[in-house]
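Following are the structures in question.
There are two complexes below, and they share chain A, which is joined by chain B in the first and by chain C in the second.
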Partner chain A sequence: MNLKQYFADIFNGVKSLATGMKVTGGYFLRHHKEKITEQYPDNRDTLVLAERFRGEVVMLHDENNEHACTGCTACELACPNGTIKVITKFDMTPEGKKKKAVDTFIYHLELCTMCNLCVEACPTGAISMANTFEHSVFDRSTLTKQLNKPGSKIRAGVE
Partner chain B sequence: MFSLENITQIVHTWLYENMHPTLALMVEFAFIGVLVIALFAFLGLVLVMMERKVSSWMQLRLGPNRIGPWGWFQTVADTVKLIVKEGMTPNNVDKLLFNMAPILVIIVSMVIMAPIMFAKGFQIWDINIGVLFVSAVSSLSIIGILMAGWASNNKYSLLGAMRSGAQIVSYELSAGLSMLTIVVLTGSLKMSDIIQAQETGWWLFKGHIPAIIAFVIFIIAATAETNRAPFDLAEAESELTAGFHTEYSGMKFALFFLAEYVNIFVVCAIGATLFLGGWMPFHVGNWEQFNNIMDYIPTPIWFFGKTFFLIFVIMWFRWTFPRLRIDQLLNLEWKYLLPISIFNILLVTVIALAGWHF
Partner chain C sequence: MYRETDIIQTIPGTDEMVINVGPQHPSTHGVLHLVLTINGEIVKKVEPHIGYIHRSIEKMCESLTYRQFIYSTSRMDYLAAHTNNHACAMCVEQGMGIEVPLRAQYIRVLMDELTRIASHCLWWGSIAMDCGAVTPFFLAFREREMINSIMEETCGARLTMNYNVPGGVMADIHPTFQQSVKDFVRHFRSKIDEYDELVTGNIIFQSRLKGVGKLSKEDAISYGCTGPTARASGVSCDVRKHFPYEIYNQIDFTEITHTAGDSYARYLMRLAEMRESMSIIEQLIDNIPEGDYLAKTKAVLKLPKGEFYSRVETPRGELGVYIVSEGGTTPYRIKFRSPGFSNLSALDHMTRGHKIGDLVAIMGTLDLVIPDIDR
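Showing the complex of A and B:
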């Protein structure tokens, strides 16, 4: 190591350290304006979560209490840890044919890892990820949910 | 005008008039002990709080904000928690050394308090080899750390203690040499003489570039000696869980923790005394009026202001820089800091001999 290199090393080292200290020093002076902490239980009313946040799987229902789930069980097959169980039944169409439909869509929140594979597998866009996250309950069994609302039926035209 | 010097003088004369000299001396010892313990408790509370607030503000967080106004009582609650916790001694440790180590570490940091001048005429012991005393005693704390690491009977603790030993022994050198530059300029090892010599300006400004280089090296070495990030290899949470105090809990752990913060205070106080004039107000040469205005600020405020400024700088280092590897650490000391400080001390000697400083 020659002498020029030695002093260049010292100079560059000090310079990069000073750059780092400038960043943190700037934060220290501006912290009251730029602070990023969410004071969660206090700001529950104004809390805004990102669109892509995955809190739980929900089935989308419109105002007529209709959903888009055909009971194809693609989501059940896509799920890596058996979170979803779709119980199907056979509806009679007006032409007198039997048609597969969802009877009970069971979702085990306690097993779900929010991997989003079921949502991607769904051919009709019936389920999606909601950004609710306050899931703690006193009884584990309440985490097993039925996603299709009682009395709901498949929207007309969805195959 | 209010001054701590008068108070100590009044207490001193009153004790010696009313008591046998030996008894009076004993009472003074007891006073000093109580004051030092009170200072330790104060430093433990304030510095931990300061560290947490500084770190959170540098990372755009809020920091502790639940207990008391803006969370200022958080450390009080932490202290209560540590006191009521069980001080466990594991089964296979060397019980005597294990229990002795935290006490030794805290005693060492208490002893270094002796020559520090907190205000004008407010000092425990104005020993004539003050700087030497400080550098000699401060390296004793490594014995406590090695003791803790060895007695814990745990490989993490032992590794942490060994690293800490290598680090403190090597950084002691450049810290000592940078302290020596000021001793060369002053011509005395006595703390009061060093402060008196800065009456016309602090050594950092009077000593030209060598004093500034010595100051920078001193701050780096002080950070390393107190085992703080970026030199916290002795603890290195990611590799050694907590280093030498892995096996400690409750109040025994708290003593190590307290000793770390007190050591920061001590090295910053020494730095403030040597380079920034201790309690000496900011004086510029012979501007009489400016100097008189500066004298109105009480001397303890000057001392603690400078010390806490240096503590802030060391905290700033901690929350900015990533940790060094062990070979990088020793490279920095033996290839950079030590040669530079040796050249620096030569320069300072020339300056002092030729009388070029102000």
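Showing the complex of A and C:
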């Protein structure tokens, strides 16, 4: 390596470092203008989550405390993790016939991987994914939830 | 005498000693355990030990139905969950003979390319970190965050999307999807030049990578390397070009190859791939055809008796899904050919004779994701 090449290498090396420092320096000077990080627990009031974000499975109830779950257990069969357990009972219809209905809809949030397969499988649209995400609790047993509200019944006309 | 449990073992009669890197080591990008035989600073042998994050996904899939098993593959290559799901959904579609609607094909390809950019972004940050630069990591995560938001908006999850189902995609694209993707591409076009200024031209970075970890074309083929690792050695192996799936045969894109085969070629390779992915996205984003996003399928999928294989190009290389069906609702056997496993096998060959610091840099350019290697 001759002397000329030696100094050219040093010059180009320093130049490449200066080019990189220009980018870093640019950010150093204008970093207060474009903030990228979000201060999560402090920005809770203004936090906007995507509406499709899958946080947990919920059962939709209307104002009359009625849901659309027929107790067909399609969601239970679709779930890959055994997250859902539907306990069914038999209701008597006014005509005196036996009709299958949901007694307890048990949902294990601690086993759920939010894959959305149960919601896809539901033929009546009774369950959906809510975009809540703060599920930390002190006791694991509180993560096992009953999704149908106490005293709720199936909406008329849902088969 | 030395014991198995010693962290450092000396080999009697030689200057060599055996040290363990990992399984809990920040530079191995996960729980990879490397047993190094070193002579001073010089690496004599590298033995990767895997098994620390084995979850037996292949065995687990045998008890899941053809709709259910797709979700678990998100946990293999978690940086490119979408491409994994894509390969599985395609294999089931091939077995069932399901025709995927054109709109779903467009959405799948768009998501694949977005995933590729997101994965390469993270890789770019981590390779710079492996070589001692911390700032690029934050810059890379800024761009990756935009893609994660797009994914969250349309797929409903940021990392483990589970957006592909046999027959198409789970939901139609979000109304703001096209606009946010266009915004991202415009933003990223200016930022990728900044990547070049900050890292690519840097003299320290170049001298860490140039001429280090050479992998010849013959070796790349014999080790079964795929993806950017093999293409940097001059092997033309892009599944998107050679075995086009979905609409890749209608897209105008070039397969980038380098011939140097060193770490720097692998670095340039991935940066060029990000630019190529952006041009693919730009071609498709305005031309998504109207129509169904999901083909009508039976409620219970039963693959006919036989063997099915499909492959896609993930950011790390070729992912193959091999299903053996006995005609039931669950697969008899599933085998995944993951790109990381073969690429890792070339590590020993590439690292011999280099310094320990170079081992970290070479490993960085291989873009290893350990759960993908160790399923």
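Following the convention adopted for this analysis, the second predicted complex is superposed on the first by the 123 of 159 C-alpha atoms of A that agree within 3 Å, B and C clash if a C-alpha of one lies under 4 Å from a C-alpha of the other, contacts with A are read in each partner's own complex, and residues count from 1 in each chain.
Criterion: contacts are C-beta pairs under 8 Å (C-beta built on N, C-alpha and C of every residue); 3 or more make two chains touch, one makes a residue touch a chain.
Quick caveat: nothing in here was measured; it's all calculated off a predicted structure.
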- Could you look at A:50 and tell me whether it touches chain B, chain C, both or neither (first, second, both, neither)? second
- Considering only the touch criterion stated at the top, classify A:36 as touching first (chain B), second (chain C), both, or neither. both
- In the superposed arrangement, does A:136 touch chain B (first), chain C (second), both or neither? neither
- May I ask you to decide whether A:5 touches chain B, chain C, both, or neither, giving the answer as first, second, both or neither? neither
- Message: Let me test your reading of the model: by the given contact rule, A:114 touches which partner, first (chain B), second (chain C), both or neither?
- Response: second
- Looking at chain A, does chain B or chain C touch a larger number of its residues? C
- Query: Just chain B (first), just chain C (second), both, or neither: which does A:28 touch?
  - Reply: first
- Once the complexes are superposed, what residues of chain A are shared between the chain B interface and the chain C interface? 17, 20, 23-24, 36
- Can you list the chain C residues touching chain A in their complex? 64, 67-69, 71-72, 135, 142, 145, 149, 152-157, 160, 162, 165, 170-171, 174, 194, 197-199, 201-204, 206
- Item | Partner chain C, residues of chain A touching it in the complex | 12-14, 16-17, 19-20, 22-24, 36, 50, 52-54, 78-80, 113-117, 120, 129
- Which part of chain A faces chain B closely enough to touch in the complex? 10, 17, 20-21, 23-25, 27-28, 31, 34-37, 39
- Note: in the complex, chain B contacts chain A through residues 54, 56-62, 316-317, 319-321, 336, 340
